[in-house]
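Next up: the structures, one after another.
In what comes next, chain A is part of two complexes: it sits with chain B in the first one and with chain C in the second one.
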Partner chain A sequence: MTEGALLTVTGLARRFTMPRRHLLAPAPVVHALNGVDFAIPRGSSFGIVGESGCGKSTLARLVMALDRPSAGSVALLGRDLFGLGSGELMAMRRHFQIVFQDPFGSLDPRFKVGRVIAEPLDALEPHATRAERRERVVQSLVDVGLKPDDSDKYPHEFSGGQRQRIAIARALIVRPDLIVADEPVSALDVSVQAQVLNLMLDLQERHGVTYMLISHDLAVVEHVTDTIAVMYLGRIVEQGPAAQVFARPLHPYTLALLDAVPSIERRHRTRRQRIPELGASHDPGDPGCPFRARCPRAEARCADERPLLRPVAEGQLAACHFA
Partner chain B sequence: MTLLAVEGLNVTLATDAGPVAVVHDVGFTLDRRETLGIVGESGCGKTMTALALMGLLPEAARTAGRILFDGEDLLAADEARLCSLRGDRLAMIFQEPTTALNPVHTVGHQVAEVLMLHRDMAETAALAEARRLLDMVGLPRAAERLAAYPHQLSGGQRQRVMIAMALACKPDILVADEPTTALDVTVQAQILDLIGELVRELGMALVLITHDLGVVGQVTDRVAVMYAGRVVESGPTEAIFAKRAHPYTQGLFKARPSHAGQGRAAGTAARLATIPGLVPDPRSPPPGCAFAPRCPHAIEICRRPPPLVAIGESHDALCHRVGEWT
Partner chain C sequence: MSTAVVSIGRFFRYGNFAIGIALTGLVGLTALVSFFWTPHSAILIDVAAKFRPMSAQHWFGTDHFGRDVFSMIMVGARNSIAVGVVAVSASVTFGTALGLLASARRGWIEELLMRMSDLAFAFPAVLTAIMITALWGPGAINAILAIAIFNVPVFARVTRGAANAIWAREYILAARAAGKGGLRITVEHVLPNILNVLIVQATIQFALAILAEAGLSYLGLGAQPPYPSWGRMLRDAQSYLFEVPEQAIYPGVAIAIAVLGLNLLGDGLRDAFDPRLVRKR
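The block that comes next holds the complex of A and B.
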């Protein structure tokens, strides 16, 4: 356990058994998460980047205790979420909340905004008085830059950015220590995205909330977080202070991700260093590096020995033999 | 003659609340091997402009102006004529390959269909050509994949199939509406490279619609920035990236988080610049400049329609006050 960490994830793995393809064949197993370790200090922001299928959403579901791991643990405030009874887990949920990607799908269209926002409060602090409930809803609305009167409107009366504010207000109402934000701005236009990111930074300063931010957008993650972890096929392949990792990526996959971001500086380059497309998911029985088939630097050693995540520079970890 | 000249394009949609103008006086020209980026946020009219080029606007749409393709006005063309042009000389790549492909036909058949329809090819010859096209767009194991159904492919692979269909007849104009928005960043890079190569090699003209300024900067020669149905600034891509004249273009660029080390990791939690307020409701547009209610530089005169002001060589902005602030 890391000293003073709000959230500690240790050896987390999740396997999904797929439907059998043949009566006599063993059912195929997908290893969505293959042993992930990290700790998030209180008041900081931890960013997770990676492409489709890297396991980032599986990780979010496990941290939210919406799913059970195949191995490993998630400890919040020093307590293992999967070692708790259901009543205790329910009581712990006050400390962590989530904001989803799609502000159109995550708000019940039949509920007024006041009820949407109060829902976690009703579930987790049912003893709150009506007056207190009303006051907390108003406080949450004001916190995210909406008006107290907005509680009597329906979600469809709001724009995408405002709906994401409502989703954040709902997460805030129980005054959580940790907010998991899964692609919170990727459904929003650029100018609105900036408003929501600024709001997240403001709330952190005001309430000291800790974020675990999941995004495929490298610029968003760099802007908001202190520490980032780059995931590839269910494992963290590089981790470190965001500015440092972006300035000096040491894992070839991080380099490829950064290199792939389109920009005007790239217009005169004839051909970037391309990485081949992702094939099937990694076979955990394979002793080698999961990235080697796509890696421009792969050598014989990479097929025999899987590189472990190890310190490669001040505060920076990478899982590559050559980092 | 210019390959494509759009002049004073207006699109109005009939709604329950009466006609709503969604595209106002859009104009641009495009030649072979030229690429034009149309940038803007949701509801700015960029997709409606693309659909107008393809003759695919919804039934309820009314148009005015001209879209001259090799001198022929597409807005005046009948459906039979448009059908013979679409897929042959005009092609479009849609944002969502998952919904744009037909789930009950193999991808080989869908690519071959275009060739059978427009080139009178026999099925075997068309399938052989489809194989070659899927190979060209970099679909791995193209020969086997002819018999695959869309659901058996990944998002990036489906987008490659869409591109192969669009390119089957070597179109003169390719319209790509957010072709990489649904894709991962490494796949996006491959698709953008591919589109760029094809423009150079086949001599197509490209209209690329996107909200991503990075994509525009990397791929296009010229940019048109749209806001509330109008082109508010247009010019050579490099000129616009070097000097943004319209306050909306400036706001859009500033709102984007960048890798410039201004993030909180750099020490302070710097805030992004935002554009206050919301996009105007097209049913009740503000008088004069549509951006004025959100513009930091708006003054009384902005309540009147803004003039098109020349900024530089073929670089214009629709604004009363260009250059009056720093």
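The block that comes next holds the complex of A and C.
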């Protein structure tokens, strides 16, 4: 993969075994991730988009080593997270932190804000002195635009946007190299979304943090990221520089996603092509393209041969025979 | 809804809670006072003065051995509360620890612990207690042990249920991502967030423990004579039910007050901790 990448994900797959429908039936298996590869260079922002159920959050959990993959590896700073002992993994955690989607669920209601923010510090640097801890909490609060004395309040005293700032401050306190943001603004009011996104960009500029941003909202991804990957049913179907992919989508699924963005202007609406809701096969044994059932361009070849992710244009990859 | 209806509803809600506090307080205070003062000795036998009716000297009269019943009720409160406190504390400690372990580890440990608690639940509580006292002999300590043992699965199960709900929260994932281990998450995040559930359950189990202690004493398996206990007073009074029926009423009412008070207290606490439940009523 890319030289000197901060995060390298190779062949990552995760299967979930569901409860049997009845005693003798084989347990159904859901393939949430089906072999995902990408690399994120230091200091950049990598966006992952896709509809719900495409495996985005599973990917976030695997990258955060909160779950174990069925196959593949996640390497941060050149070290495979799943090859580490639990102590080594603990020590590595200072390099990568996460911001969750729901700012109401991701903060313990019984912790004061100062303690919430200090949580990674308390776990990873238990030898920090009180004064040092206090100083870093304040620094983190100021970094995200909150007041130092907010640390003595409880999370319920804050609005959704402020709570997400608290969550960002918590991720930031150990000065991680990578922050995984799993739908960081989709639970927020539209008016607040831009503020939080701008804060994230601002922090990147100041601290050089690398983002892996997961979202179903294309506008969010376009606003923040340099490179995007479009996921469909556990696979990346298109990847490339954000501006380029938005301007010239090569995979029919990306095109459909972009078309699905509601527009106020009528002339834009008429141009749009519709794709069927769902109904695509998700059988991993299926030899063809997983998207073909919904694809307006599908041909006989798509049923027999799965298109691989391949370079199509300058820096742009797509998994489509016709791209 | 008119304001009158609302305030009546409020009275019942907070009224019940207040009554619960008052009754529980009454029992507690009685037990406390009995350490310093009782009108007469609760164990002194004076057969010549047996079955005295209510009087200024013997408020609740005297029993078949001529002991002052009011003093016995007072000292008996001490016994009930002591058994309840010790038994419930012991079962809270072990039950909660097992429930937290089941919830933190999941998998076969959870299955094993929960199936074991199913097994314990399959026997009625008093039967378990009788079995234990039959094995180790009657006495206050064994009664406490018996009551504690049948309460352990109750707390294990309640704890596991509540803890599983907390483990599914996103702030637990956040704590894991922050680098905290299972034990630390259990102590810092899970336990504080299920404490209210445990307090309510402990209050209710306290009431049940008092009832169970009375039941065991009634069967002669609890505190041994001459130490007074409500359950044994009830049994002694039973022999003279037709001659002096009021003798059965005093310990019976004492037990009822303690159990009712704790139940109302538990209900009130649950409402106080979970405002959503109140609105639904």
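Methods note: the second predicted complex is superposed on the first by the 313 of 323 C-alpha atoms of A that agree within 3 Å, B and C clash if a C-alpha of one lies under 4 Å from a C-alpha of the other, contacts with A are read in each partner's own complex, and residues count from 1 in each chain.
Keep in mind that, in the parts below, a contact is a pair of C-beta atoms (placed from the backbone, for glycine too) under 8 Å apart; a residue touches a chain by one contact, two chains touch by 3 or more.
What you are looking at is a predicted structure, and each value in this text was computed from that prediction instead of being measured.
J.: Once both complexes are superposed via chain A, do chain B and chain C end up clashing or fitting?
T.: Result for chain B and chain C: fit.
J.: May I ask for the angle at the C-alpha centre of chain A between those of chain B and chain C, rounded to a multiple of 10 degrees?
T.: Rounded to the nearest ten degrees, it is 80.
J.: In the superposed arrangement, does A:Arg93 touch chain B (first), chain C (second), both or neither?
T.: A:Arg93 contacts chain C only, not chain B.
J.: Just chain B (first), just chain C (second), both, or neither: which does A:His31 touch?
T.: Neither partner.
J.: What is the contact status of A:Ala260 with respect to chain B (first) and chain C (second): first, second, both, or neither?
T.: After superposing on A, A:Ala260 lies in contact with chain B but is clear of chain C.
J.: In the overlay, answer first, second, both or neither for which of chain B and chain C A:His251 touches.
T.: In the superposition, A:His251 touches no partner, neither chain B nor chain C.
J.: Kindly classify A:Val220 by the partners it touches after superposition: chain B alone (first), chain C alone (second), both, or neither?
T.: Only chain B is touched by A:Val220; chain C is not.
J.: After superposition on the shared chain, which partner residues are touched by A:Arg14: those of chain B (first), chain C (second), both, or neither?
T.: Neither chain B nor chain C is touched by A:Arg14.
J.: Is A:Ala243 in contact with chain B, with chain C, with both, or with neither (first, second, both, neither)?
T.: The answer is first: A:Ala243 touches chain B but not chain C.
J.: Would you check which partner chain A:Leu107 touches, where first means chain B only, second means chain C only, and both and neither mean what they say?
T.: The second partner, chain C, only.
J.: Just to confirm the geometry: in the superposition, how small does the C-alpha gap between chain B and chain C get, in angstrom?
T.: It is 8 Å, taken between the nearest C-alpha atoms.
J.: Quick check on my understanding: which residues of chain A belong to both its chain B contact set and its chain C contact set?
T.: No residue of chain A touches both chain B and chain C.
J.: For the complex, which residues does chain B have touching chain A?
T.: 41-42, 140, 154-157, 184-190, 192-193, 211-215, 217-219, 237-238, 241, 251-252, 255-259, 261-266, 269, 271-275, 278
J.: Show me the residue ranges of chain C that touch chain A in the complex, using the header's touch definition.
T.: That would be residues 169-171, 173-181, 184, 189, 192-193 of chain C.
J.: Could you list, by residue number, the parts of chain A that touch chain B in their complex?
T.: 45, 51-52, 159-160, 189-195, 197-198, 201-202, 204-205, 216, 218-220, 222-226, 241-244, 246-247, 256-267, 271-272, 274-275, 277-278
J.: In the complex of these two chains, what residues of chain A are touching chain C?
T.: Residue positions touching the partner: 61, 64, 66, 90, 93-94, 97-98, 100-102, 105-110, 119-120, 122-124, 167, 170.
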